[in-house]
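The structures come next, written out as structure tokens.
Below are two complexes that have chain A in common, paired first with chain B and then with chain C.
Moving on to the complex of A and B:
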């Protein structure tokens, strides 16, 4: 361990730690653009200048390892002036189009300028014009004028995805980032480059111009897109969810997440949700509240033949919900006709080498464990046989949160509609096929991961807790709530506060300037 | 589709062996490609070279875009590079370039109308003692005057 003093704060760091890392450990502020903890050191932005006692010249903190007994500061006048000049240089050819730039509000240039800059610009030369609104495929738009050439995105495509799409072309003040022959940047991790871009050069087509970031709240959660369970931050306000970004977790996802995972917010928003419970069949639906529908199921349950009921579960729910559901099933039905619905079976074991897994369920591990605990060992073939033989009349389905990852959904539901006399469909998603079934059906809207507490077990067996953030669909139930109500128990359903965004100008107040 | 000649491929392979990393061989490889592709490097050439050297296209494109010695667009039969750096400029290099444009019918400041000449104003070519000078394809012509330069170019085959 090495001892050093950062702005007067004593810290102990491991051998090989760079000064900028020591600054982070000491909790001291330091300006930087090109350094990113998940990427190699480039040392191109020259903003992280520090003064080391005994050394006449300033050093860059990102590429200088700590030595024992170093006294380092970035509070001296010399450092402050250097950083100010550095910023001035970065802004020489920057277009300053913040009013129409989607990065405004979370821009490195704005932040660092307010923190370390505050100079009067001295450049009188005309700015170099570069390419604007370069289309980089279906996900990303590039503005090379805004780019400060930190090369984070270039290093990302070279080091993390190893797809080598981005590069820096030309030289001097005409340097700009781009892809060879404007090829689209379509790899499944491309949106990480938008996250790490400190300025508005790379913006996401999905998010740009939909919300100003200071109108969004952010909360941490777990991605339910696949069995990796990346840690995420969700950005939302009273109009719904707008985007998802990764949060660092060394054990699970590091600094990154995949682009498919970023889309899961779409299945939480109202447009793709089952908004009301329904009872009936094709063409004759009666709308009601979720709780009322569950109680109606409980009422109806008494008249059903218990030996002709079966339960289908998907790996999309939390441990607590499986527990409640199986308890309900054990007490109220009692047979062992419980089946695990595996979506896209062929690709279940796939892995792209980085994060995305073929198993597109957040909690398959948890489900398998629960099935084992309750000794439910039936195979899917057994269900199909029984259905064909007409031995099953009623099916309770804890269906998918995200129907996109269930390619066999439509086919299965259609088939059940013919073979069954009753279908109890529990799902948060709006599924067209369920609206068209012929048998008597209850559709009960469920909560998504965003609206409930729960534990998910990822592919490594790591348990991660996801917390309730806000309600999107009032009247939706969690699977546990639905199970308790279907059992005929009195149960208090968590119907609490409807989604409320931050006060307008939340970020402005926090920063203390307008 | 562009392909290097057999000797060209051999040359590139040898250059790749010569350096610690094969990325270092991009410059000589690009020179070879430019030579065999009629004086310029097209995007297809970059793709071809990336396959030949097993390097990402962007790496080659970065080098290609960085250096002005590589032409990113087709050049005429004679690529005339007139030095306009200090010594040559003091001895009339810039005026020489202007004069050549007029005499050779180079309207847009780059290509002559018949496609025979392409003119570039370049930085120092390392022949300051004999300023002003120009380079036509691979050959230096030094101690020029306006008249002699035009004569040299017109007399080329």
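Moving on to the complex of A and C:
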């Protein structure tokens, strides 16, 4: 362990730590663009200048390892002056289009200018004009004028994804980021470059111009897109969820997440959700509240033949919900017709080498454990056999939260509609096929991961807790609440606060304090 | 309700009070009849008072030389609005030099407090507060003013030109 002093704060760091990492450990502010903890050191922005006692010249903190007994400061006049001039150079050709830039509000340039800059520009020459609104495929838009050439995105495609799409072209003040022969940037991790871009040069097409970032609230959660279970930050306001970004977790996802996972917010938003519970069959639906429908199921349950009921579960729910559901099933039905619906059998074990796994369920591990605990050993083939033989009349389906990853969904539901006499469909998603079934059906809207507490076990067997954030569909139930209500118990459904963002004019009320 | 009966000479002898009051009224009536120009009141709505051009009345969205909206949908006015009455929906423009523009701009004029903070926050002189202030309406009228009304209402005669011009700024290399 090495001892060093950073702005007077004494810290102990491991051997090989760079000064900038020691600054982060000591909790001291330091200006930087090109350095990112998940990437290699480039040392191109020259902003992280520090003064080391005993050395006549300033050093860059990102590429200088700490040595024992170093006394480092970035508070001296010399360092401040250097950083100010560095910023001035960065801003020479930067267009002042913050009003239309998506990054405004979370921009490295804006923050650092307020923190370390605050100078009057000394540049008299006109700005160099470069390419604006360059289309980089279906996900990303590039604005080369805004780019400060920190090369984070270039290093990301070279080091993390190893796809080498991006590069720096031309020389001097005409150098710009681009792809070779304008090929699109289409790898499945491309949107991470938008996250690490310290300015608004790379913007996401999905989020572009939809909201200003200061209208959004952010909360941490767990991605339910696949069995990796990346730690995420969800950005939302009262109009809905808008985007998802990764949060650092050493054990699970590091600094990154895949682009497919970023789309899971769409299944939480109202337009893709089952908003009201329904009872009936094709063409004659009776709408009701979720709780009322579950109670109605409980009422009908007595008249059903217990030996002809079966349960189908998907790996999309939390451990607590499986526990409640299996308890309900054990007490009220008692047979062992419990089936695990595996959505994509062929690609179940796939892995792209970084994060995305073929198993697109957040909690398959947890479900398998619970199935083992309750000794439910029947397979899907048994279900098909039993259905054909007419042994099953009623099916309770804890359906998918995310219907996109269940390609056989429509086909299965249609098949069940013919073979069954009763279907109890529990799902958060709006599924067209369920609206067209011929048998007597109860559709009960469920909560998504955003609206309930739960534990998810990822592919490594790591338990991660996800906390409820807000309610989007007021009548929805969690699977455990639905199980309690279907068992005929008196149960109080707990609801998270209704979706709310910060007030748009929040800063007006803090006038003079910023 | 309690009624206070004061039995004093001034309440008992009310007639002098009434007569003196009537006298004042008649005096003013005859004065105004012969000095009509000095009269402080207006015959509204036939006569209307003209405020100074600095008056903060109904909003105007300015336009560019080609007649399209100057607004870039940066939403600073909506952020700065203390009454929270501005709603903007932004979209991508085909022209890369414009990039972002509002497809929907709405001011809930009944919520607006006419403070002028939107005008102050605007970086491109896209919203101004005009001298127009008489905009009555019936209960079922639309008080959510849209782009059509804010920028192209007939009183503006095709729109008011913004002072900030992007083309000029590009020429100067800004």
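List of remarks:
By definition in this document, the second predicted complex is superposed on the first by the 503 of 514 C-alpha atoms of A that agree within 3 Å, B and C clash if a C-alpha of one lies under 4 Å from a C-alpha of the other, contacts with A are read in each partner's own complex, and residues count from 1 in each chain.
We adopt the following convention: a residue touches a chain if its C-beta (ideal position, glycine included) is under 8 Å from a C-beta of that chain, and two chains touch if they have at least 3 such contacts.
As the structure is a computational prediction, the values presented were derived from the model and not from experiment.
Following the overlay on chain A, a side-by-side fit with no clash is recorded for the pair chain B and chain C. Within the superposed three-chain arrangement, the count of touched residues of chain A is higher for C, of the candidates chain B and chain C.
Looking at the shared chain after the overlay, A:44 reaches neither chain B nor chain C. In the superposition on chain A, A:433 contacts neither chain B nor chain C. Within the superposed three-chain model, A:179 lies in touch with chain B and out of touch with chain C [touch as defined at top]. In the superposition on chain A, contact is made by A:214 with chain C only, not with chain B. Judged by the touch definition given at the top, the superposed model places A:125 against chain C, while chain B stays out of reach. Chain B and chain C, viewed from the C-alpha centre of chain A in the overlaid structures, lie at an angle of 90 degrees when rounded to the nearest 10. In the superposition on chain A, contact of A:171 is made with chain B only, not with chain C. Of the two partner chains placed by the overlay, only chain C lies in contact with A:100; chain B stays clear of it. For the pair chain B and chain C, the model built by superposing on chain A gives 23 Å as the shortest CA-CA distance. Touching chain A in their complex are the following residues of chain B: 43, 46, 56-59, 61-62, 65-66. By the touch criterion given at the top, residues 72-76, 78-84, 90-92, 96-97, 99-100, 117, 123-124, 170, 172-174 of chain C touch chain A in their complex.
Interface of chain A with chain B (complex): residues 158, 164-171, 179-181.
Taken in their complex, chain A has these residues touching chain C: 96-100, 104, 125-127, 129, 132-133, 208-210, 212, 214-215, 503-505, 507-509.
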